[in-house]
Amino acid sequence: MTLPNVWNYWAVVVLMMVGLYIVIAKPNYVKKLMGLSLFQVSVIMLYVSMGRVTGGTAPIYILDDGAPRPFVLYTNPVPHVLMLTAIVVGIATTAVGLALVVRIREAYGSSEEDVVAELDRREVEAANALAAQRAAESDASSATAAHAGASHEEHA
Amino acid sequence: METAITVVLFVLLLATAIILGRQRNLFAASMLTGIFSLVSAGLFTVMEAVDVAFTEAAVGAGISTVLMLATLSLTEDVEAREKKISWPALAVVVLTGGALIYGTLDMPNFGDPHAVVHGEIARYYIDRSWDEIGLPNMVTSILASYRGSDTFGELGVVFVAGTSVLLLLGGRRSELPASGESPGHERPSSRPPGKRHAHVREMPVVRTVAKVMLPYIVLFAFYVQAHGDFGPGGGFQAGVILATAFILFGLVFGPQELVRHVPPERLERIMAVGLMIYGGVGVVAMLLGGQFLAYGVFTPSHPSHGHHYGIFMVELGVGITVSAVMIIIYATFATRRPSLAPQVVLDAEDRCETEVSADDVPLVPEERALRSGADLLAEGAAGTDAASEVPS
Amino acid sequence: MTLTAAVMSFAAVAILVTMVMALFRAARGPTTYDRILALNLFGTQTVLLIAVTGFLYERPEWMDLAMVYGLCNFVGVLAVLRFSKYGSFMEDP
Amino acid sequence: MSEHLPILMVLVPLLSAPLVVFIKHRKASRVIATLACALSACAAWTLALQMSSAVSYPLGGWRPAIGIELRVDFAGAYVAAIVSTIATFAISLGTRGTREDVVGREMFFYAAFLMCVAGLMGMVVTGDAFNVFVFLEISSLSTYTLVAMGKERRALTAALNYLFLGTLGGTFVLIGIGLMYQMTGTLNAAAVSARIREVEHLRTTHVAFAFLAVGLGIKLAVFPLHQWLPGAYSQAPHAVSSFLAGTATKVMYFQLIRVVVSFFGVAYVFDTLHFGDFLLPLSLVAMFAGSLSAIFQPSLRRLLAYSSIGQVGYLTLALSLGTEAGLNAGLLHLGAHAVTKTALFLIAAAFIAQVGDDRLDRLSGLGKRYPLLSLGFVLGGLSLIGVPGTVGFVSKWALLEAVLAGGRPWLAFLILASSMLAVVYVFRVVEVLYFRAPLANAPPLARERADWGSWVPAGLLVLVSVGLGVWSELPSEYVATAAQSLFGGAR
Amino acid sequence: MITDVLHVIGAFFVVVGALFCVIGGIGVIRLPDFYSRCHGSGITDSAGAGALLLGLMFFAPPLVAFKLLALVAFLWVSSTVSTHSLAKAAYSQGVRIENVPRKDWTIAPPPPPAAEDAVLADAASAADPEEPA
């Protein structure tokens, strides 16, 4: 089968996968956000290389005294328009992510995902232990109350 | 010649991405993100995508690097864990990459002019946008008029980003003079107490040069805003460059000075005004009988003039909101009072976490190894500049 | 190959070689300042590369793009000095 | 004025967000926000009721394929009406359950909420592939921030995890749209479905659909990709968690239906790609795993979050049948679950307002103390299970009919079995509320008096869910025409 | 006719600028310590960029020539300032010249003659590896 000349796309796919790997594998939140912006920039490269026309100039009309020169080969302007949006979405997500990382660093004392997950797990464990302990106490006290023969309705 | 430059740039990009992945010193990593954006913008230029290169350079190399560095000054600047391959991540990556490569097998050749993608609407825009709208830069005419609602949504995303950063970090701004509950308390900077640095006042060169250059950068931003119709440029790029000028001011003269000159309360209103201008232009078109954002209705006699007015107003709204949001985001990050919470480092066996306060001198051995390890990495072995490796 | 194309491609090759040298210094540089210096050099070379390729493709209006590169490069280096512990900007809060 | 309805639904919340930030008045921003959602709901309902056929609104005055076109069919109007109504109910809760440092800056909270509503409404009405991505990003970005506004510090980690997974999902959708554009050369839904015939055999089209499905799957919290949902729904402030529970996953589900039906075409998706065979096992696993883990959750909102994952399994099951009856059941269940789950989250919010915490051990014995609230929860729980007389039954019945019509009776048995699991976790809460003695040493209740602000919306929605159950022909008729118009007898 | 002369002068300046860039690049690699490397990078910013962009002006129409002039002015100002602040930061952080291990040429090196030529040859080839083929 004849392989189309698509090595450009393969190079972009490799960059995308490096970015995706950093997002999934690295525990540090700031490093993850860097991987995320890497991933988004390479998706932008995929779009732009899709719109490329060999020999075509940038999608700006070449004007000969006021009128566009006829029969000029332009690259496809539509992916460029779409990618202006994607770049802005990327920077917006990175800014919100970085703000969250700063808040997490202040609340937890660490910006590493495994440390934060560990602290969360301990917090939930402590809450469950407290609940169990409180339930045991209330059973004991209600048992003593029942034992003491006070038959009236137990109010909160 | 073009494929040669493309190959070199792709190699540079891949090298930067891999070094970025392995680099544990996050300052170096954020510098590498800046380089990655610059080189990718170079690649877009070679691939004739000039507007995209413009925005990627201004946003990627400019704003996002500065934001990451500002975040790192508020959090740790060294990644904790050493480098080890995580197999589940590799599996997901290989799976996704394989699917994408499988997808490229049926794609048309790179740069093939007869591909389907250049047929339909792209052919229409290239042939007709000069007669219908009359702007030399096709990208701006598509961006603002044909697909105007996309840009309206995009401006909404920028507005949400500004609102989010204000909601998340707007609270604890460090007041102007060094007040706050513990004026004496030193920020637990990782630098040893002995090595205080010269205050910025002692760097007159940078201050005067910044004062000289700032007006020209602002002038350049307005040029880019107006030039958007004829060449690469437009509302987004102009807004980002204008914000870069204010960020430069904030970098050189200090964030308090920036907040004093450009109070965030007023910026928040300006942020909202830009989006309302964009929406307002659309609503006026509706009131005049057309659909939302139908600029042709403004001048029924010859619609292309209506498009000129509409696109100019819309780009103005975009420029206002984008610059206000970028300045707000930078000011919020830079004036955020660093938390005094000690850094929590989990013991290797994850049994107990050692509450390590970064500013008590006797650092935990493992922490010191980590710290000096990073310095060693940064300062380089072979004892060169040994004096500069200050005992932390 | 017309004169301009030959000259421009020679300049482009020269700039790419300088970029590789800058990357070499960035990778090996003992102190972090060497890395920041290499970043600065890399940024300037990118500005020149865009200017030269602009002429190679007869699209001279790319100079705005080169201007933005220079601006971002300058702000990037100042930001590194302001926020990193290596900088001397850091005011005492 | 009425022909502008499709854009007004999106524009009113989208423009009132900057208005709220511009005015910067704490009390007024809440009134404006509620008014904006109510106006958007009125626009959606009038459009849904008075439209005879699919409405097309060309933005910017350009003809559909060239410019962006808003395309609202019966199903779109139905989902838009549900989303805006639930938004009005949710926003009336205001900034309950948010962090204390939001106090001075409620206007930003309302602005983010309005942008989230506008994003979701935009996604439902737009007919252009890339415009879907833009509105998806608006709603997702504002959702991450709103979730981070929760009281506890765990809301921050929930929001950041949601950001990572959600952005990966969004970028997968972007890749899918890119590949689809490369194959068909156009972005408009109708134009794409016309051109997809010629490129059906190409591998790039298969990969494009795969990426779109996985991306929307992440946003939809389909079983293996659902890790973000429990944390996000249980840590978010009350208004946000009840709004998201009712609408976020539902709009993504509707978008998946649109991708399958109006972008790629049912014949291609179900016959060449056998998408149904992938989706069926995933939904069955989701139904059982979601309900099973819901049983062992310590707090009420986490229980409801895991039950949502189970209910999403029903939705994807309905879609995987690939028939018009399946689509009808899916749309019906979308509406039923939206109303029911939002009512339950509102009740949970009311309990938290009274008790201060929604852990099940803190709620023990409150059946007698707050009979009205507990009754509301019971009715909501019954509708979740699908007991006759509630809206849940209407949709489960339609699902059973669709499954039986599809000739797979064992599926019907599995659906009933997973409904039994729903009975278990609903009864667990009922047992805690009614049959357990209140804790003697429980810390004092957050507030004694009934907090009517959070009780009224909850009560209203419960009445709606019961009412629709009784007069069940109201929703099922409308949805039948919607499914028929959307499906168009393709198979 | 006139344009050919302009192009020739421009080509000359572009080649000179490119060479300056390369020389600056070599300086950044081979110079021993940080401060002298600052000098190396200074060459590319001032002489290299200046000559190259001046050369490009000869090829450009008037408006673009003015843009190039603005670009040269901006580059000259910004890169010198950033190199200055970088050097100041390095100095305040204690980076000194004397702690760089330097080859002490005063000690008479007894390298065998063959080694001598090899070193010279290396130096020569390292000096201009980038002459185009």
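Note that the chains are named A, B, C, D and E in the order they appear, and that numbering of residues resets to 1 at the start of each chain.
Criterion: a residue touches a chain if its C-beta (ideal position, glycine included) is under 8 Å from a C-beta of that chain, and two chains touch if they have at least 3 such contacts.
These numbers were taken from a predicted model, which means no experiment stands behind them.
Trainee: Given the touch definition stated above, what is the smallest step count connecting chain A to chain C?
Mentor: The fewest steps needed to get from chain A to chain C is 1.
Trainee: In this assembly, which chains make contact with chain B and also with chain D?
Mentor: A
Trainee: Looking at the contacts, which chains touch chain A and chain D alike?
Mentor: Both-contact set = B.
Trainee: Compare the CA centroid of chain D with every other chain's and tell me the farthest one.
Mentor: E
Trainee: Please state whether A-B or B-C has more C-beta contact pairs across its interface.
Mentor: A-B
Trainee: So which chain ends up in the middle if you average the CA atoms?
Mentor: A
Trainee: Could you tell me the distance, in whole angstrom, between the mean C-alpha positions of chain A and chain E?
Mentor: Computed value for the inter-centroid distance: 42 Å.
Trainee: As a quick test, compute the distance in whole Å between the mean CA positions of chain B and chain C.
Mentor: 18
Trainee: Compute the distance, rounded to whole Å, between the mean C-alpha positions of chain B and chain E.
Mentor: From the centre of chain B to the centre of chain E is 31 Å.
Trainee: Find the geometric centre of each of chain C and chain E from their Cα atoms only, then give the gap between the two centres in Å, rounded to an integer.
Mentor: Chain centres of chain C and chain E, defined by C-alpha means, are spaced 13 Å apart.
Trainee: At least two partner chains per residue is the criterion; list those residues in chain E.
Mentor: Residue numbers touching two or more other chains: 34, 74, 78, 81, 85, 88, 92-93, 95.
Trainee: Could you check chain D for residues that touch two or more other chains and list them?
Mentor: In chain D, 130, 134, 137, 141, 144-145, 148, 175, 181-182, 187 touch at least two other chains.
Trainee: Indicate the residues of chain A shared as contacts by at least two other chains.
Mentor: As it turns out, chain A has residues touching two or more other chains at 20, 50, 57-58, 60, 78-79, 82, 85, 89, 92-93, 96, 100-101, 103, 107-108.
Trainee: Chain pairs that touch, all of them, please.
Mentor: Result for touching pairs of chains: A-B, A-C, A-D, B-C, B-D, B-E, C-E.
Trainee: Of all residues in chain D, which touch chain B in the complex?
Mentor: Against chain B, the touching part of chain D is residues 4, 7, 11, 14-15, 17-19, 21-22, 24, 57-62, 65-68, 101-102, 105, 108-109, 111-112, 115, 118-119, 122, 126, 128, 130-131, 134-135, 137-138, 141-142, 144-145, 148-149, 175, 179, 181-187, 191, 195, 199, 202-204, 206-208, 210-211.
Trainee: Provide the residue numbers of chain B that touch chain C in the complex, in ascending order.
Mentor: Residues 1, 5, 8, 12, 15, 19, 27-28, 31, 34-35, 38-39, 41-42, 45-46, 48, 50, 53-54, 57-58, 61-62, 65-66, 69-70, 72-73, 77, 174, 178, 186-187, 189-191, 196-200, 203, 206, 217, 220, 223-224, 227, 231-233, 237, 241, 244, 247-248, 251-252, 254, 337-338, 378-382, 384-385, 388 of chain B touch chain C in their complex.
Trainee: Contact residues on chain A for chain B in the complex?
Mentor: Where chain A meets chain B, its residues are 1, 3-11, 13-22, 24-28, 30-31, 33-35, 37-38, 41, 44-45, 48-61, 63, 67-68, 73-85, 87-96, 98-103, 105-112, 114-115, 118-119.
Trainee: Given the complex with chain C, which residues does chain A contribute to the contact?
Mentor: 57-58, 60
Trainee: Could you pull out which chain C residues touch chain E in their complex?
Mentor: Result: residues 3-4, 7-8, 10-11, 13-15, 17-18, 21-22, 24-25, 31, 33-34, 36-38, 40-41, 44-45, 47-48, 51-52, 55, 60-61, 63-64, 66-67, 70-71, 73-74, 77-78, 81, 86-89 of chain C touch chain E.
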